[in-house]
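What follows is a set of notes on a single structure, which appears directly below.
We call the chains A, B, C and D, going by the order they appear; numbering starts again at 1 in every chain.
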């Protein structure tokens, strides 16, 4: 059996190189891997491409990484009015941004997860989102071609993991986490609780262990920001 | 609140017209809506397009519908060696067949469910499956364009439904059912048990009620074929 | 952005609907049992004005179906928030799912009604609601484009004119677009308008306003079929 | 289909591996902790031959990860079947999911190893395994094309020659294809062969067989790098 359980946040992110492409789960304050993000802040990796719905809330979530100028490019749907460090870097042209409609962000990650090479959608037709994209008519509708979003890592947050990496999520903290877990080459999950193999009912596993490569318990490290 | 619970199999299929496109869930003997299929047999609808992984097992599953010549076209991945009535009709050219790789069958239905107008895949490139399909190179790989599969109805089998139509499935009887539930205009679920609203934990709903239009309990009608 | 100025000068000095009244009128458009997504701004107020006896299943793009009222003080669970980060509650029969399935619902035509805010709506039903030209910062799209593309019925709630008096209902949008030909109904502080193949059909006007007065504050022709009734809230 | 006939006449009359032995040898290719899909035929026998101390998570395309042994008589649950309709059991840590996610796993490169049966494999690693030319009936693809397209490592288990003695490892497949350039390793009753950019590399031969004898029964050139060891089962 492969060892997936790590005992420290710093150890679990130790191999993340400068320039890595990383997906970060979370939405609306729920389901963010805040302890993993803080470990990346401590490690000081640079030139990260971040794929995330938004760009932090002041110091919270991805905020500190923008404050420290660790992120050079963002693929996001809604950077957010409270992402002040991102907005400063963006205004100063220290970070570039690709804005993607939220559902299309999900689908492009899922396409990477599912081994699909692209898909057509009506979403964004006639808008700035369509700029530079192939357009054609399919099923009688104007569509644009959207390409998969791949990543080296997914940093996600779950409620429980068993020692194999099967995950469950709590309430609406699920959000982007299962999709990112499937889409990245290496998925690292910060969880509230690690339980023995067999503790999660097979029918109630939300992310099967095949998608999860490392897990670490956020021992009372609950993020306050 | 919309009334989704029906009391009879015959009533729940009463409006299915000749010529309808119907998805049928089930795989390997598990999760087939056998009582709904038998209601279609009693009703005698004709010229059905059936979208299903396979084409019945002797009299079982879709078998009787082929025996009665109710199906004119099939989209399937593995009609199956025990689908003797289908094979007879197919040999007699009384039914036409589109063979689709199993995962692509799922994705084409999901594309319809998700409002996508087509996708590219490497699956089937260089094979008979690619015949007549657009081919191009994306992400450095030869791909073919696959189109959504839409349907008028999905006939599915679940374990539990609440009165709103939230569903759970048992073990591997889940298979195609959740995908078809999302993909069809009208989804009809045959279930083992109907429970009051609120009886299924929100985190454990497998098919949300938004996808389910009618449910009926298969009261001890357990299919023997 | 400033309108022609003409409208501003000729705008009658009569009361318009409040934001709450726009929400209250829009709530009447939701059928019993409908699956509904409410966007930011005025639409988010609608949940408070559902008519008695109506059950609506509110969808949130972070993966909730069956949202109830906002959480009261002391009841908040920050793993149970809506798309605006506000702690909410659930109604019986609710469910959770991931964000890709949440948007499969928006794009795939599974929502009966979606209600969005708007900066501009064109006479063809084009919507601009995510970016003000020249505004500072990155802007953000969120779920609006997926929702606009896929809802069975899309209602836009907004003020009829900008603060400067310029019409927000126009022949052609000048703001960055959210979607083409996606709006079905517009509920403003002056009118209820349906976008139809033949054009913008004026269904109702605000109390004490006339169709002619509303037309003057509208940047595209309105079609009145017979007498146009005043907006009611029940 | 009949081979050249030459191979048939010159084929040495020495024992070949049994189907069980092919499965036993292929089982050694599965690393500890691997996620593995086993296809119909010989591959399906592999689960019985896992080396001691190795845990492998078997995937089934109907939505199971962590399948255990087949169910014993009296233990069968017909909602818990593998892709061949056979009632199975689970190992601890198993999970269920729908068929689209099951094939997201196959196509998306999530399976460490997949093992399929084969009718023909070409020297470029093309696989034909779903349809015999001229066979009656509709044929059926099942999950093979998705699996072939996506597995990190694809092993094909098959007899080295047809019943008529024709090679099944060929320069170019003549049977309908399952996938192009997808096979990584071939385990037959005569050899273990890796498909490499430089060609087919003969890694092992059956006990008492020589590389030259195996080459004569193979329709494409084999590359032997140094001495080729005999197949062992431990």
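The rule we apply is simple: a contact is a pair of C-beta atoms (placed from the backbone, for glycine too) under 8 Å apart; a residue touches a chain by one contact, two chains touch by 3 or more.
Since this is a predicted model, take the numbers as computed values, not measurements.
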item	value
Inter-chain centre distance, chain A versus chain D - centres from mean C-alpha coordinates, in Å	36
Interchain centroid distance [CA atoms averaged], chain A/chain B, Å	33
Between chain C and chain D, centroid-to-centroid distance (C-alpha), Å	57
Residues of chain B engaged with two or more neighbouring chains	107, 110, 114-116, 121-123, 169-171, 202-203
Multi-chain contact residues (two or more partners), chain C	96-97, 103-104, 107, 149-150
Touch-based graph of the chains, sorted into line, ring, star, complete or other	other
Pairs of chains, among all present, that meet the touch criterion	A-B, A-C, A-D, B-C, B-D
Contact set on chain B toward chain C in their complex	1-2, 110, 112-116, 162-164, 166, 182, 197-198, 200, 202-203, 205, 208-211
Chain B partner contacts - residues on chain A that touch it in the complex	107, 111, 114-123, 138-139, 141, 143, 147-148, 168-171, 202-204
Interfacial residue positions of chain D with respect to chain A in the complex	32-33, 35, 55, 57, 59, 65-66, 90, 92-97, 101, 103-105, 107-111, 149-150
Of all residues in chain A, those that touch chain C in their complex	27-31, 53-55, 76-81, 86-87, 90-91, 97, 99-104, 106-107, 109-110, 121-129, 142, 169-179
Sites on chain D touched by chain B in the complex	60-64, 77-85, 96-100, 102-104, 106-107, 126, 131, 136-146, 149-150, 176-180
